[in-house]
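Two complexes follow with chain A in common, the first pairing it with chain B and the second with chain C.
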Partner chain A sequence: MSATYSPAGRLDGSNAAAAESELLGLLSEQGAAVTVDLSKLDYVSSAGLRVFLSAAKAAKAKGGKLTLLSPKPAVMEVLQISGFDRILDIQS
Partner chain B sequence: MSQASRQLSIRAVREEIGAAAQWLHEASEALGVPAAQCHRLDMCLDEVLANIVSHGGPTALDGAVELSLSSVAEGEQRVAILQVSDLGMPFNPLLAPEKPLALSLDDAEPGGLGLVMMRRYADDLAYRHSKGRNELSITVRWSD
Partner chain C sequence: MTTTPSQPSQLTLAEELILIALDDETGTLISLPPFALELGLASAVIGELTLKGRLDTDATHVFVTSKVPVDDSILDETLADIAAEPQQLPTETWLRRIAEEGQVLRDRVTMRLVKRGVLGTEEKRLLWVFKTRTYPPTSGIEEREVKSRIMTLLNNDDIPNPHDALLIGLLRSTGMFDVLLSRPEHERLRPRIDQLSNLEEINRSLSNTMSALQVALASAYIGPM
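== the complex of A and B ==
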């Protein structure tokens, strides 16, 4: 069973904590396979990356997986700069 | 070309980070800073403000975080400088060690990415501590 989380606009210092709560909540309620649909996300800062990292670790701890889907170029750039493209599952 | 600038004062709280980002976009437009350069400054601003909010300590709330954006031509290049001044604990982000990038999910720890971002997106970073304030300058350069 899997769930999809679709953040839109910005994921930055102002809303990362709320996003993390929502995403971790999805994980605990819906099982350990969660897809984060990034197609509507224009911007992510390191605060947002921490959310992805936290959720990916939580999913793995439950025997599941976090998948990032369709990042926009600006978001993909941040994932590459941080090296997260090598440690998270990202699909176009 | 004349030098122009825009300023904003905010409190060192998470709830104002969004307003700061919005100001940066409006100020960039007003000063003719292109979207791609504004994005570079935006990435740095988010890191700096997140640090101030999370690690500035109680003195960060003694007064405002002062933001200033200016843009000027230097020969054939253009330059935009974002300055952030706060009353938090003295902290020079340029001296913070840069963590090596994690090689696996298990190795990865939250935090430590802010400096990687700032160093990657800014052309120059300068810090000083003066009159009780941390003062950070973030510079981006481009050719039109």
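== the complex of A and C ==
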């Protein structure tokens, strides 16, 4: 199964739990491939970053794949500063 | 002292930090850089509140996401302080502010571990005169569990959970890895320690605060150049 998840605007403490729940749902099947389209995401906080980490951990446990796609420069900078680009598959 | 069974999985970041900061043999705090433990505990408290969904951080600030208490007096007092501040303050400002009460925080966290039966208390005499209290582990199970968890994570390429990533950052910035690991082992694991620590923004703020403090202390010691 492959699916795309597209957060928009802000991903922070106010909506991180809902985003995590949705992503983990998509990754619940064995071997699921999920793409997170970041092209409409303007801001990500620490709570938002944890959503990606949690999803990547779930994907690894289930033999699936998580790809972050097309982050805007501001979001990409946050991903790079925190070293997520060395742990997660990020494609521009 | 009466002890009750402890549950290692429920230890907070601050409790795990104190547990590792205590020497197993002597029950006293290991030697750490000035203010490292106080700032580490401040970071542990903020980190714990982010794990509980009450605070969030970004590259510059701490902000409140929920004022609902978490039924933990240490965490709830800090949450109330941050919530009462009329404007968002930089993470490093909160670290320094909370660390001002770091010794009180250290004692409160230590006494919690005693109450939970993780640590015992012993009265000793220093130089045959001065009374001092030490906190040896009752069984050492909890400390071994924490160390084992961290060492396993450092020696594989697993993706950490946020709690463990935060703890690794605390151990890095407080200098505890210098005590826990041999020098060659520390050098070998340093890239992985940095990788896991940097995943959490609060760890980077703590590291910056510690670096700035060390520069300030060195300048004060050396004097104006």
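Please note the rule applied: the second predicted complex is superposed on the first by the 89 of 92 C-alpha atoms of A that agree within 3 Å, B and C clash if a C-alpha of one lies under 4 Å from a C-alpha of the other, contacts with A are read in each partner's own complex, and residues count from 1 in each chain.
Everything that follows uses one rule, which is that a residue touches a chain if its C-beta (ideal position, glycine included) is under 8 Å from a C-beta of that chain, and two chains touch if they have at least 3 such contacts.
Remember, predicted model here, so these are calculated numbers, not experimental data.
Within the superposed three-chain model, A:Ala32 lies out of touch with both chain B and chain C [touch as defined at top]. Contacts of A:Asp12 after superposition on the shared chain: both chain B and chain C are touched. Once the two complexes are laid over each other on the shared chain, residue contacts for A:Ile90 go to neither chain B nor chain C. Legend: residue contacts after superposition of the two complexes on their common chain; A:Ala74 is shown touching chain B, with no touch to chain C. Once the two complexes are overlaid on the shared chain, A:Lys57 sits against chain B and chain C alike. Of the two partner chains, both chain B and chain C are touched by A:Leu49.
Shared contact residues of chain A, touching chain B in one structure and chain C in the other: 12-14, 17, 43, 45-47, 49-50, 53-54, 56-57, 60, 78, 81-84, 86-87. Residues 50, 53, 55-59, 63, 65-66, 158-162, 165, 194-195, 198-202, 204 of chain C are the ones that touch chain A when the two sit in their complex. Those residues of chain B whose C-beta lies close enough to touch chain A in the complex are 14-15, 17-18, 21, 39, 42-43, 46-47, 49-50, 53, 101-105, 107-108, 110-111, 113-114, 116-117, 120. Chain A makes touch with chain B in their complex at residues 10, 12-15, 17, 43, 45-47, 49-50, 53-54, 56-57, 60, 74, 78, 81-84, 86-88. Against chain C, the residues of chain A that register as touching in their complex are 12-14, 16-17, 43, 45-47, 49-50, 53-54, 56-57, 60, 78, 81-84, 86-87.
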